[in-house]
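Below you'll find the structures, each written out as structure tokens.
Two complexes are shown next, each including chain A; its partner changes from chain B in the first to chain C in the second.
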Partner chain A sequence: MQTKLGYAAVLAVLAASAMAFAGPSGGGVSGKVTYEGTPAKQKPIDMSKEPSCAQQHPTPITTETVVVGPANTLQNVVVYVSAGAPDEASTPAQAVTITQKGCQYLPHVVPMVVNQELKVVNADQTSHNIHPLAKVNREWNKSQPPGTPPFSEKFDKPEFIAVKCNVHPWMHGTFAVLKTSHYAVTGETGGFTLPNLPPGKYTVTAWHESYGEQTQDVTIAGSETKTLNFVFKAKLY
Partner chain B sequence: MVKTMSLMKITKSQILGILILATFLLPLAVSAQQMESHIGKLTGHSGAGRELYFRYCWGCHGFRGDGNGENWLPTGSFLEPYLNIQPRIFSAATFKCRSTPTGTLPTDEDLYNAIKRGFVMSNMPSWITLTAQNRADLIAFIKTFSARWKKEKSGDPISVPPEPKLTVESIKHGQELFQKLECWKCHGQEGRGDGPSASTLTDSNDQPIRPYNFAVGSRFKCGATNQDLYKIFMTGLDGTPMPSFADVIKPDEAWDLVHFLRTLQLTYKSPELALWESTKEGAQQVAASKANGTPTGSGIKQ
Partner chain C sequence: MGKIFAVTIIVIAIASAIPVVMHTWEAPADVSTHGHLIDEQMSETMLEAGVSFLAAQIILAIFIWQFSNRGAEAKIKTFPGGAMGLVIAALVLVGAEVLALGVFGVKAWADVYLTAPSANAMPVQVQAGQFAFYFRYPGPDGKFGALHPELINEATQNLFGLDPEHDPDSRDDIVTAEMAVPVNKEIHLLMHAKDVGHSFFVRELRVQQDFVPGLDVSLHFTATKVGRYEIVCTQLCGLGHYNMKAYLDVLSEQDFNDWLKKEAAMQ
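Up next, the complex of A and B:
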């Protein structure tokens, strides 16, 4: 009887320690970001002043302040762990890239970690100037003529920075400079996954350029994947 | 026992009084942190600068150095602004006229020269009427408006190589650069500030802004010499659409561009313009600009 209890106790301790040291796979958070209501209509962009870009879009592209997918999903939402992330303040070695092509920023939202290298590429036939309108980070403004090589920059404070090109006023993008690499940007499905989160308490924030921020707390035990959904209220304008 | 209790009563209300006073004084305390400026042999002190600021500057630049002085109202507010260009926002620590690379803080000398010169074509006057010590003190005080001055050092001033000999080839090469770097997109083909993008330009505070109009021949906002012009496009005017071309122009090419830009200043007698007009091609272009140039105004089709 005592031996059985003893074995049970040992098993319990082993199980508990296995849960505590969940290893690199750990738990995670996944979910969907949707909207309710009617979003503002996106307007087509007139690129006639820049023929080399206009001809790349036989059907004019539209503004991207709200990009939606089927079934009310919301794209370009940055979902990230705003508190409790295990890797805060560690900078990934590889660079993230923003490309100016067809007088558009690709991708529209570029997430990166504080001090991570950002490579800026001009793939167009025209000059662009890349002007991040930083308020917390330093504001700089650099010209990038066509055919010049990519250049690198970095930001040392977390901030959501609006980016524009002064020559082509319709170009808008965002640099999402975050403290953590536990982030995802929603695509057409509106879905996101934040894997590799050890057990613990986390705060997850979803940010959208027009609809603001929402925050939810989540506790992860063991290696479970918790589901977290965000619903934003759409605005007509 | 009674004595102790009455003592405690006084202390409590005293503490409350101190707290209330502190909430009012704290902002002043923060801005009263001492900063210094160093310009040549001059040392400025923010304590002295504070007196001067609240006499001469705060009406436009604001109580908190945020550009929201009572003389300024942003475009779009129901009252027309008295000043058409927003005063510099010191709390942002982003400055146009620098000798340092884009995104970095200016040197004390940059700021000192800026208030000495004033900003032509704007409401910022030249403060040469104040003594050099006054101006140095003001610069020290301006640095108390943003925490950046404590955390960051000023950028390293860019090196401006000596100006090479002025030749027709230099001007022609400058003209090629003006086309290749697409300066005309904002500045227009004749540099009149009427390029295709000119009417859409806004500065970093979403206020409409115009590119410099070379044909008017006024002094540049950041100085009047060729060296000043060189620094303008090699450091960019931070806070405005004007970017830095430091990464995309070599220094000798930059001087070619300076020489060409001088020929766009049709009403300013420069050696560059004189040399350009002495060539057949140059004379033709200048005559054509003078005859057919568009009026000052962006977005007007030629």
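Up next, the complex of A and C:
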């Protein structure tokens, strides 16, 4: 009798703590982004006009307009909650960073929240001139000689901004300026997770720089994690 | 005082002439078939201008030596014919010199600009854009695909704006960031600018030509020595002008074919 009560007590404590960990924002969305069809070939980049960068890539890097992973997964897709999430309480305090290294933008896609600080780092021996081709935000470009410290900027409106370097024509990237902090960028596995979503109705958008946007609606009840997959149509040209 | 000045003038004149006569700053070796005409023109110009310069400085020094320290009451002779005479003399002397250079230089100019490339010259296209040169070879079909500037996309490295989906001629075009040519083969260079003015300059080839946006400019040349040469932009085109260059590889025919095959595989 004593042991049964003991077990019940332990179970009760465990159940209570499980509910406590689930907390008020326990739900989420997770899934995979894949493609069907044949994507365009990514071309190798010849950096011979910039020898200090060319020598960092004994095997030339390729363009990154379509980066795929094993099993038809699609990388560099920005998956985010485009409707249904409450407004952000405050702008995230820490900065996001884009690094110019080997005459490449790392990472290729930089997601950030509106008004979040963006730090631009030049880690190369050459000058760069980063030029975000903003159409909604203010368009600017800034020269950064080698050895100069990083500078900071921010964008005050949501927009997907193509980024180029005025000095090195092959350098390309994207700034994904979002209203929400519920975002993820797919990596090699093509997978994404959007946690901490309270119960409710949401619209989730997946954006890819070559294949466009797709949206899906999802309803989250309690603390469940719903699975949402996106399939993009690849284009040969 | 005046005599010291006269001597100084002579010293400066001779000191300036010495590096030129001694060929202290020699142009790099000429590796083209037409380059010698340009080099000869350059030498003739330096000779004519140099002789005129030294003559003028020596005459000036002589006059200063002779006539400085004269009193205020000294009689001044005028140039025969007065001011008008001076003007006519200057016109005739300088005019003759400039005209002579023009006449002697006609052959060099005509050779480069007024002769058509031979029928079997190899066509290579070059596009100058801020801040890189890109090159295109026509590929096995010998035809360049049409250019569609609205399709230019640097992110996908479609640098010329080709439309392989709808244009079969462009499917085998070979776009490169370096230019290679076979040695001793005449090249027909087809040039256009993507945005603003640029210039294509290879010192060793004695080739320098501006790109003018909106114009299709063409040049022909033959490289005579295997080697790697720099193509630099010599027309200020913006903040990256200092960094705008490409490399020209003059290769043996075998090496050139290998290179072209390798580049075709990377398209």
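By our rule, the second predicted complex is superposed on the first by the 210 of 237 C-alpha atoms of A that agree within 3 Å, B and C clash if a C-alpha of one lies under 4 Å from a C-alpha of the other, contacts with A are read in each partner's own complex, and residues count from 1 in each chain.
Note that contacts are C-beta pairs under 8 Å (C-beta built on N, C-alpha and C of every residue); 3 or more make two chains touch, one makes a residue touch a chain.
What you are looking at is a predicted structure, and each value in this text was computed from that prediction instead of being measured.
On the superposed chain A, the positions of chain B and chain C overlap enough to count as a clash.
In the superposition on chain A, A:T65 makes contact with chain C only, not with chain B. Looking at the shared chain after the overlay, A:S143 reaches both chain B and chain C. Look at A:H172: by the touch rule set out above, it reaches chain C but stays clear of chain B. In the superposed model, A:A221 makes contact with neither chain B nor chain C. When the two complexes are overlaid on their common chain A, residue A:A123 makes contact with neither chain B nor chain C.
Touch criterion met: A:K135 reaches chain B, while chain C stays clear of it.
In the superposition on chain A, contact of A:A95 is made with neither chain B nor chain C. Judged by the touch definition given at the top, the superposed model places A:K49 against both chain B and chain C. Put simply, of the chain C stretches 6-14, 96-104 or 240-248, the part that bumps into chain B is 240-248.
Shared contact residues of chain A, touching chain B in one structure and chain C in the other: 49, 126-127, 129, 143, 166-169. Those residues of chain A that touch chain C in the complex are listed here as 40, 43-50, 63-65, 126-127, 129, 143, 162, 164, 166-170, 172, 209, 236-237. Contact residues on chain A toward chain B in their complex (touch as defined above): 49, 126-127, 129-131, 133, 135, 138-145, 148, 151, 166-169.
Across the complex, chain B meets chain A through its residues 92, 94, 102-104, 180-182, 185-186, 196-197, 200-202, 204, 236, 238-248. Residues 129-133, 154-157, 159, 164-165, 176-178, 238-240, 243-247, 266-267 of chain C touch chain A in their complex.
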